[in-house]
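One chain, subunit A, links the two complexes that follow: it is found with subunit B in the first and with subunit C in the second.
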Partner chain A sequence: MTPAEDQINPPAERQLDTRYRHETPEGIELVLTLAGPLVRGLAWAIDFAIRAVAYLAFVLLLSLLGGVGTAILLVTFFLIEWFYPVFFEMRSGSTPGKKIFALRVIQADGSPLTWSSSLLRNLLRAADFLPFLYATGFLATVVSRRFQRLGDLAAGTIVVYEGQEEKRTARTAVPARPLPWPLDYGEQMLVLRFAERSPRLSAARRRELAAHLAGFTGREGTPGQALLAHASWLRRGRG
Partner chain B sequence: MMRQEQFEIRYGPLWKRLETQLALLENGRAASSGQEELAAFPSLYRQVCNHYALAHSRCYGPDLVARLHRLVLRGHQQLYQPQRAGFRGILEFAGYGFPRTVRAHWHAFWLAFLLFYLPAGVSGLLCYHDPTMIYSVMDENRVSRIEYMYDPRNRKTGRTPDRTSETDLRMFGYYIYNNVAIGFRTFAGGMFLGLGTVFFLLFNGLTLGSVAGHLSHQPFAAVFWPFVAGHGAFELTAIVISGASGLLLAGALLRPGNRSRTVALRHIAPEAVRLVMGAMGLFVLAALVEAFWSPLPVNAGIRFVVAAFNWLLVMAYLLWAGKGHGS
Partner chain C sequence: MDLDRIAIALRPRSPWEAMDLGFALARRSFRTLWLLWLVTALPVPVALLFLPGWFMPWGLLLTWWLKPLYEPFLLYWLSRSLFGETLPVSVVLRRWRRIAGTWLLPGLTWRRFHPDRSFLMPVFLLEGLTGAAGKKRIQVLGKGQGGAMWLTGLCFAVEMVLALSGFVLVQVFIPNELRWGAAADFLQRTGSIQVLAAAVLAMSLVGPLYVAAGFMLYISRRVDLEGWDIELGFRRMARRLAERRRRNLERIAALVLLACLCGPWCSPLRAAPLPEPEQARVLVQEILADKTFGHRETRYTWQRIAKEPGNDTAMGWLGTLLSMLGRATRSVYQALGALLRLWIGPLAVFCKMALLLAAGALLAWGLARYQGLRRRLPMGRGRGKKGAGPKVLFGMAVTPESLPGDIAAACRRLLDQDRPRQALALLYRASLSRLVHGHGLDIPASATEAECVRLVQRHRGRDQSDCFRLLTRVWLQTAYGHERPSRRELEQLIAAWSAGFAGEGA
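The block that comes next holds the complex of A and B.
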């Protein structure tokens, strides 16, 4: 492989992206998309707002009860402050704030979060928060390879985007056309990806993208149609 | 080689079946689908793992690969689910899991013990011999407030002159809110190479020691010692154990041995969590005693008997609970 080709299509382990790969006992590779500090900060801010509203509601409600109310209030404050994330993480894998951004906390081996890990990463918020507003946590997130704050490092957890079900578009039947010459993996993916995305692209954008490959698709038909025909051939063969 | 469309037609129904099972499992309604159907789940999952690998290596379209990947990920999450602890787990932990963990990490326990009781003892003696010494630890306002609390001229022992059962409850809430949080911070301080943990242990030892030394003179001693004796066993032990949990984290960072620091930390962290959660239990116990037993108008002799009993209880629990249970 020449250096130029290597740059266009680098091997997975050298790609600079937010993917995290984990090999399971079945010998297959799970590919997870890690969540960076910004989106996690936003999720935290939303959780903070929810907690603030909850505090306020409890203060208003329990102030009617006098001394007993104060006792319950203090215990509730304690529980919300330390165990709000644990409660939601153990129920569904993410707090309401994280849910909004489709984030989820899992073990680094792709399995669901354990009790011990959830407690650990949330108690260690006390360390990540220092000296103010999660400065330590932010630093750790930026420096560590998998966007982990101290709590995540100790618990062996990661925050990932939940895979969303992409809407599958119906394929239009296009007569298959063989490839003019063999393509490698990345190039085949390029052609197939184009075919899969093309129903969602505007006609002008489709033309613009396909025009880059005019040399490959040849003279027959527009480059866009030719690419769809090649994709069809890749999927179905000649039949 | 099989083309993508043939592949999809042949295995589509199998993927659908796994999808249905996953939906049931994820909603916790798996029982409704019957045992036989569930028994097929692991083998179905492994087949789909195989399909995912094939789809990838045969350069099938990214959409199909992504769909199979999603199935595999969801299956992985279901198959490798950890055991849920439940109420029984909590009981077992309190019964023998926790004291065993403390015994397993006796180095950390005794180190935390020294870090807490040494400054407490030294500052206690100093403050006992020199009544002005306390002012170098805390300011005047706080000293007079503490003196006021344990002044026998307030007929009711404890915090304020007009203490009622509602006040007891409020104090219970406060002890939970304040003391357990201190335990948690002591634990979290372990992440800064133990500096945070050591600081909290020394600081708490120093403060508690000097207050105790200062109040050991009459007239305060007659109120102070009977009041604090009851819950001391639980609270002081809880402070030491949360210190030990922080020191465990620090130990992994300072002396990781043959492992990387992250791996050593991950290895010891579940043990540290067990310690700090047990300490939380002790703090809650201490808060119960301090809020509901200590303020009762009971003769000092009985109080000291109860206190001695509590200390023996804590020691016996940490030394022997769960000793016969296997490992």
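The block that comes next holds the complex of A and C.
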């Protein structure tokens, strides 16, 4: 969900990505980052652990009640096993396990999850589970284009990473210098990104990158320093 | 390394996203990767089939242990395809010495159980680094990335699940009737082979995914550390700016050229003489007096004023009268309302009854009207005997007036004259005429012969319908099939017809 990325490096058709683009009827393109089977499997394992703890607690509590307790226990087990994901998905779009990895279940058209879809995708866990521990679900997720297991395919849902904002580094002490040429939005973002990433780049690589713009950064200082000064100017504009 | 030809979208990615991208990459070229894997990995399990049974568990372990031997080929192929070069499988295999060279020994021994195996492999294989340099490089690349460990752990789990699933799937589909006698023996003996097959299948499914995901972890780390996305963007930016600069230069050159060409014909520019301060002040006043610099203007408009309170008394006696009238009307209404409230229950029942009665009457009237309408319409079914049936059916006149009085006799006469076709036609016409005008059968002018038969069957007795069916069949054969009916057949028909139709008057 970061359209800025598209402006920095416009996506090419042949370039592979895990981004899924959906254009709404209003002509707005939603960019969603799909989540693959491994991270989803881990999220499921965490959810399972949470459920297991809950089961254990219920067993300890309700065993005090004898026969009635067993009855209540079975009903509770049933409800938790089938409706734990539905409950959390309808509340906030993701179960606690998914929340840890910033995952979220949404409709394939980018709209929030509906009740029927949530019920369907979670009831079909029974199919994805077969023959053992989500083997079918894993294979379906790997094969399908949008990382959907059978339940997702039936319900028309996808699992995406929630929009992560790029972390902005604090303002640097580099004196600001205005841009000598007009830049479009993507190019401005690119200059800013260079400044943000430059502490992690090696000095040689920094020089190498900045050298691409050597002819346009003015005479003062090296191209790298000039770019940092421009970035500082841009960042001041962004407040 | 030509970043313009890279096959993945370049952007900073989290380790999880990088693994997802690896999965997508493996899916895109899974067939080649699988083939490469199978070519290198299958020999060991296949050899196991010919070795004694006790060796099987060790063989399985060996197959698993030798994974770093199969994986480099996939990695090599992937690294080439990342920059748009699709190598055939045979070429990759022929380069085995170069591919597996530096990696094989550490990979199979002390790095076999390294949790970051998939991530280390590119460093050794693609960068060709060994020893201290390799160690340093791994330290730089591996700092702050925990993805590869998760990848190894999760892929191991997935492999276990898939192998077990495959085995269970086969077992579930073996019917109980087969677990007996010779078949049971066979199943028992091949049990270890089933396990082997399931395990190898699971390994081969997970292998390409694991290699591709590890490779993408490595690539995304390099994208981040070396700013590949920035390089790509800077290059595009430099191209655009250079293009802009070139265009500006062209524009300036064109202007200079224009100036040079037009210069001689232009009159030289001369500055206007500066006015004196006094003159200038007058000029300023003149200019400021212009309407543009502000002026006064008076306009009158109507404005609505709010009504003042306490004006009612001005209305005098008329107002009092009106208010009295108003009060009187209100009390009348109130009285009526009370009355209505009292009567509302019975009134409602009455209204309901009246409405129901009206609706019933309307319905009855409508039905009657509809019936009458139908009777009068030409298509109606309930047409009376007197109603005009079609005068012509199948191109033949069927009015009673067009027929001779004694049909049977007329037919026999025609037979005697050796005109069986005419005799049959007369008989058929006469039957239709009887049906339509005698029995009031509703045969539409558009009906076919078969429909006539069906109508007769539905509405007339068995005698008539049988006779008519036979008659129709013979008539169709004669009229359309041009078969000459035999005299005996016709005489039988005439007799049957006389029994079925002639009795009732025409």
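Here, the second predicted complex is superposed on the first by the 158 of 239 C-alpha atoms of A that agree within 3 Å, B and C clash if a C-alpha of one lies under 4 Å from a C-alpha of the other, contacts with A are read in each partner's own complex, and residues count from 1 in each chain.
FYI, a contact is a pair of C-beta atoms (placed from the backbone, for glycine too) under 8 Å apart; a residue touches a chain by one contact, two chains touch by 3 or more.
Nothing here was measured: the structure is a model prediction, and the numbers come from that model.
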Is A:138 touching the first partner subunit B, the second partner subunit C, both, or neither of them?
second
Quick one: is A:73 in contact with subunit B, with subunit C, with both, or with neither? Answer first, second, both or neither.
first
Would you check which partner chain A:115 touches, where first means subunit B only, second means subunit C only, and both and neither mean what they say?
first
Can A:216 be said to touch subunit B (first), subunit C (second), both, or neither?
second
Once the structures are superposed on A, label A:52 by its partner contacts, choosing first (subunit B), second (subunit C), both or neither.
neither
After lining up the shared chain so the two structures overlap, which partner does A:150 touch, if you call subunit B first and subunit C second: first, second, both or neither?
first
Can A:123 be said to touch subunit B (first), subunit C (second), both, or neither?
first
Could you look at A:192 and tell me whether it touches subunit B, subunit C, both or neither (first, second, both, neither)?
first
Overlap of the subunit B and subunit C footprints on subunit A, listed as residue numbers:
166, 193
For subunit C, which residues are in contact with subunit A within the complex?
6-12, 14, 16-17, 19-21, 23-25, 27-28, 150-151, 154-155, 157-158, 161-162, 164-165, 168-169, 172, 205, 209, 213, 224-227, 229-238, 240-242, 244
Taking the complex as given, what residues does subunit A use to touch subunit C?
5, 8-9, 11-12, 14-19, 33-39, 41-42, 101, 131-135, 138-139, 142-143, 147, 161, 164, 166, 181, 183, 186-187, 190, 193-194, 197, 200-202, 205, 208-210, 212-213, 215-216
What does subunit A use to touch subunit B in their complex?
24, 26-28, 30-32, 66-68, 70-75, 77-78, 81-82, 106, 109-112, 114-117, 119-120, 123-127, 130, 150, 153-156, 163, 165-166, 168, 185, 188-189, 192-193, 195-196, 231, 234-237, 239
Subunit B contacts subunit A in the complex at 3-5, 46, 49-50, 52-53, 59-63, 66-67, 69-70, 72-73, 76-77, 80-82, 84-85, 164, 166-167, 169-170, 172-174, 176-177, 180-181, 184-185, 187-192, 196, 249, 262, 265-266, 269-270, 272-274, 276-277
